[in-house]
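Next, two complexes with chain A in common: one pairs it with chain B, the other with chain C.
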Partner chain A sequence: MFEQFKTDLRWAGVRQNLVAWVFLLPFVFVYVAFLIYPFGRGVWISLHDWNLLAVTFNPDAKTFIGLDNYLRLFWGTEMTWRAWARPVLQGLCVLAAVFFVWRYRIGELRWSTLWQCLMVLLLLMFLFGWAPGEGGRWFDRRFWPTVGNTVFFVAMVVPAITIISLLLATALNRETRGAAFLRTLFFLSQVLSVTVVTLIWQMMFSARQGLVANVVREFGGVPLSWLAEPGFAMAAIVIATVWWSIGIAMVLFLAGLQDIPQEMQEAAKLDRANSVQAFWYIILPNLKRTITLVVILQIILHFQVFGQAHLMTQGGPNDQTQVLVRYIYQTAFRDSDLGIASAMAVFLFVIMAVFSAVQFMVSREDEQ
Partner chain B sequence: MKTMENRRLALLYTMLALPAFIWMVPTLWMVSLSLQPNALLARTTSNTFWGLIPYPLTLDNYVNLLAHGQVHVWFFNSLVVALGMTIGVLVLSTTAGYAFARLNFVGKKTLLVLVLLGLMIPEQAVFIPLYTLFSELGWHNSHHGLIIPRLAVPIGVFIMIQFFRGVTRDVEEAARIDGANTFQIFWHVMLPLARPAMMTVAILTFLYAWNDYLWPLVSAQRTEHFTITLGLASLQSNFAQSEGLGSVMASGVIASMPVVILFLIFQRYVVRAVAVGGSKG
Partner chain C sequence: MVNYKDKKAEKVTTMQKTFISMIAATALSAGAVMPAFGTEVTLARFFGSCQDAGTDVSAAVGEACIIQSIINAFDAENDDFDVTTLPTDWGNYYDQIIASYASGNPPDVHVMHRHRIPEYGQIGALADLTDDLMAHGIDPDDWTDSAREAVTWNDRILGVPMDLHANLWHVNMDLMEAAGLVENGQPILPSSPEEMMEHAEMVREATGQYYLAADFSEFEIGVRMVLAFLWQQDSNIFANGTATINTPEARNALELITGLFDGGYANSRTNYADSQQSFLNGEAAVLVNGTWVVDFYAEQAADEDVELTHYYVADFPTLYDEPATWADTHLWAIPASVKRDNPEVYEGALQLLAFINDHNIDWARTGHAAVRESVLNSDEYAALPHRSEYDNTVNIARDTPASARYGAIQDILNREFQAIWLTGKSIDAALSDAEEDVQSQLDR
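Take a look at the complex of A and B:
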């Protein structure tokens, strides 16, 4: 009797597992076959000298070269280490370190977190110290400048989007028709595709036919060809991107504002706080977590910029708007060098993974 | 008190009117240019009020686009790809989401962590190996070749897990007592309840599919297999040879139409989708 019961139970367990796997199998199959496997394969390709065309015609035309592709990207000849090889970047590290220590002193940072931050900064300082010395050169002259352009783009776009969308969200966080209409209006550009956005802004900035040029001409100025002008090309891409993508940030801020207790804002009103004071002392402190999340999310999103640079400026002038994903795309599909391109893709993944991990830690922190 | 509140609102709207107008200008300009004759645009783009008012007005650009050219083919491709991807993601994410949220099986925790780790892999990190894989399979220049890669992205599963976890167990228990098996419960009880979450996933997917650029650029090489997003990019780069500025702008408007209409109708879901999709990767 008891034995019978036990077998029944075991069968029920097996059945339960089977049923669950019927539900899981379609997704798990697609997930493994088209995300996990390609990812592993990407890492594998990055360890090879792999020419797209050669391998297409002869699958054996690849050679295993270990980490050489990474070396060819990251390193150069006659590499030497100097303490202040890159004053700007290393200076930023020192500033960041001071900032973290200050946060620790006012009690906003745990000792362990401070320690981790300082170690990361120290490592960065050390890495930034390396450069090709006398008579040396980078193996790949374009890689680090491309990374630099991408970082610069992110450093321009993310603060601009964060500030604009935060102000808009605060102003439009009310239940009137007008506010709803304006929210729709400011969000609308977010649903356009990157090709429509670049089509519009390419024309906007055109020296001959552009709206910007027409307005400048009206006021007696000499119109510029923004997209071909050093210094202006990146600005044009940044403007187009900000116009395109404040929507997501604004929505996230609106969601964050909904979570601020209504009483707090009422209390501020009773204390005759004006809107600037209310913003500074009530809204900002309460939105800290949302701001952090939005910033990290934007960094992840915009580090992957491709379409704007590819379609508006083709990376020019003088490679000034060449960004990482476009370099990956070109290396793979114009130069047919899949090995190097995959190594860059792995590099991109590592950076994204670091920020994803930070995002995960921040969002877990506020669940506690 | 009421009047003061009203006055503050009025002040706010006046302050926001100018930025709002400036924000709309690029879009308005595109629409306006698409409605002006190409011959005029070749001469000047600032005919009436810096070109923001379409005068003289013509619909020729749209008529020409629909009569000749490949815009309607691209539009159709986009529709097939976006709808196919949406249905596929819905099927995979509801079934897997339900299993993760409600069914017990061996190794559930490990598998869940493995699936969520997939959220960290950006498209750009896998598009090269996917390209070689699809070359071997002969899947380039096809609709399924554009649909399948996105089916593997776990964001939809993640949203469905969150939703199914929130449904009370009572409903399920009641159905089980009535003799329903797991499949019947899923189909007749859980799916109808999940409609709002499914809308969120569907809209997120449709918007992504319609606007996706990098993967179609790599996978669809023949013009008859382009999506509208990709086709528009090719019009842009062949701008000098194309039929004129008005036509290009008209194709931009056509390409944006479905997503803009979708957004205006389902705004509530779009905003939710962005908030959920945004905060979770």
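Take a look at the complex of A and C:
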């Protein structure tokens, strides 16, 4: 009797597994076909000298070169290591280390997480120390500045979007018609395509007839050609991106806000907490998961910035708005160097994964 | 491999036959005009878009409308072929074309530049048209030597040339007159760098306007100016696989241009649209731009609402030893796969190219130089507006040496030169970086 029961149970388990696989297979198939395989293929291409046009017409035109493409991107001639080769970046690492130690000291970070963060920062400090020495040069002198521009763009856009959309969501989290109208209004920009967004902002920033220029003229100033002006071109792209992207972050925060129990807010009111205190002590701690989600989504999304830089400034002036995906695009489709472009794409994947992992690690710690 | 287009064409043909029989029966009884269905020929081009180009080629103005009206006219006159113009964008045109070749689905016929022939020619991407042109009424012997060279790769003809286009000086005669720079109805143009600065000062003193405008912050117009000044000093950006950019000649050319900005005689921040608008608004005495806008500016000058009134077109002036200006050629090509796999479409594409070749005079109305001797020697061509004012341009036309890396090299020069006048990078540093980057492209 018991043996029979055990056999039935085993078959039920097998059946359950089979059913699970039947449901999973379509997803697994699509995931493998459209994500895993292309990614693996990309890595494979990055190990070759692969000219897009030449290989199209002659599949044998590619050559396996191992990690040469990566070397060409990351390295140079006469490379030497100096302790403070890049004082700004290395200084930022030190500041970040101080910040993490402080959080550990006040009990907001565990020893293991602190140790991991410090290891990452130490590694970065070490890597930043490498540069071509006298008479040397980078094999590709545009790659690292392009990475720097991309990281700078993400560092500007992600906090700006997170803070603005959080404040908007908090202000509009109420059951009034005005709030509903404004929620729709702020979300509307999100549905526009990048082409439309860049067109709007190109007109806004035009030194000849742009809105910004007209306002400046009204106040007696001389309008700038934002998109051709060093220092302003990146700012223009950041502004356009923030305007474009706050909608979805705001909606996520609104969903998070609605999950906060009403009683908590009412209790805060009874305790005579003002709105700033309620925001700081009730809303913010309860939104930590949503903030983490928004930040990670934004990091992944904005590392892939392309349209704004491509259409508004063409990466200029002097490469100041050149970003990684645009460089990948140009290398693959203008220069036909698919091997190098794939190596850059793999690198982009790695840094997106690292940034997301660090953010995830730190925020998980917060929750605990 | 199953060719989707063949299958589609086959399907269309069967459907077409049935449908046409039905229509024909109705048409015969009602005396109606029978609609045309033909083999689809896809076409990719830049030149911009034209709303309602129609089929009246003679009424069209501007590159986009003239070429689209020629295509539409062919489409209307030929029941056997339906030409579909694919949506493309100038800034990404070649990227789109490369991607379409890589995906095995290039347009059946597409426009390109002479400078791209090495890139496509060396891998056999383009159809060899040499033995099929005469049979379709295209006579390569009627083309100018320069046009024939433009489409020839390893002694084979890979395209049908359409024009020779070059940088010109578009002149606002009212501003020049006010500055005392007009003699016998012609503008007085500088013959040396020093004279150019003198003229610039004269224009500013007399009118308060810029002497020269150009797109210095977007496309490669500024690069083409520098190149012209290099060639005028018998220098070039590379020769025999070695980059030669960091030279005294390049320094001279760049110092000349930055001198205009430093003196307030030109604005380095203007892009293509802004520079054109400032010229039409009468804010600059000279606009450096190509042949492709001559008919448009002439039309604008005739418009009472436009500030530019007296418009003149001049050859790019010689400021150094030898005359030279940047030039290139637009040409039409057919992918080798179309000739190999799809004879019907190839036939349609060739007939279209013959039609475009026949309309060379209409294309020349834009301001471009014609490529057919028979057109160049015609009275109609000589009578085109402003034509006589810049007829020496074809003799001074130049371009950089052929390279499969032309696009990347132009981009490097544009980036580094813009860095000088937009971000204050030193000329020496920019030339050194440009030379290094161009060399790395040449080494690949």
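Assorted remarks:
In this section, the second predicted complex is superposed on the first by the 320 of 368 C-alpha atoms of A that agree within 3 Å, B and C clash if a C-alpha of one lies under 4 Å from a C-alpha of the other, contacts with A are read in each partner's own complex, and residues count from 1 in each chain.
Going forward, contacts are C-beta pairs under 8 Å (C-beta built on N, C-alpha and C of every residue); 3 or more make two chains touch, one makes a residue touch a chain.
What you see is a predicted model; the values in this text were computed from it and never measured.
In the superposed pair of complexes, A:319 makes contact with chain C only, with no contact to chain B.
Within the superposed three-chain model, A:97 lies out of touch with both chain B and chain C [touch as defined at top]. In the superposition on chain A, A:329 contacts both chain B and chain C. By the document's definition of touching, neither partner reaches A:235: not chain B, not chain C. Look at A:30: by the touch rule set out above, it reaches chain B but stays clear of chain C. Counted by residues of chain A touched, the larger count belongs to B, out of chain B and chain C. When the shared chain is aligned, chain B comes close enough to touch A:21, but chain C does not. Once the two complexes are overlaid on the shared chain, A:337 sits against chain C while remaining clear of chain B. Residue contacts after overlaying the shared chain place A:56 against chain B and chain C alike. Contacts of A:211 after superposition: chain B is touched, whereas chain C is not reached. Residues 52, 56, 311, 329, 333 of chain A are contacted both by chain B in one complex and by chain C in the other.
Against chain B, the residues of chain A that register as touching in their complex are 16-17, 19-21, 23-24, 26-28, 30-31, 33-39, 41-42, 45, 52, 55-56, 171-172, 174, 176, 178, 182, 184-196, 198-204, 209-211, 214-215, 218, 243, 247-248, 251-252, 255, 293, 297, 300, 304, 306-307, 311, 325, 328-329, 332-333, 338, 341-342, 345-346, 348-349, 352-353, 356-357, 359, 363.
Interface of chain C with chain A (complex): residues 91, 94-95, 98-99, 101-102, 104, 119-120, 123-125, 217-218, 268-271, 274, 277-278, 405, 407-408, 411, 415-416, 418-419, 422-425, 433, 436-437, 440-441, 444. Residue ranges of chain A in contact with chain C, taken from their complex: 52-54, 56-58, 137, 140-142, 206-208, 225, 227-230, 311, 314-320, 329-330, 333-337. If you check the complex, the residues on chain B that touch chain A are 9, 12-13, 16, 20, 23-27, 29-30, 33, 41, 45-46, 50-51, 91-93, 95-96, 98-100, 103-106, 111, 114-115, 118-133, 135, 148-149, 151-154, 157, 182-183, 186, 207, 210-211, 213-214, 217-218, 229-230, 232-233, 236-237, 245, 248-249, 252, 255-256, 259-260, 262-264, 267, 270-271, 274-275, 278-279, 281.
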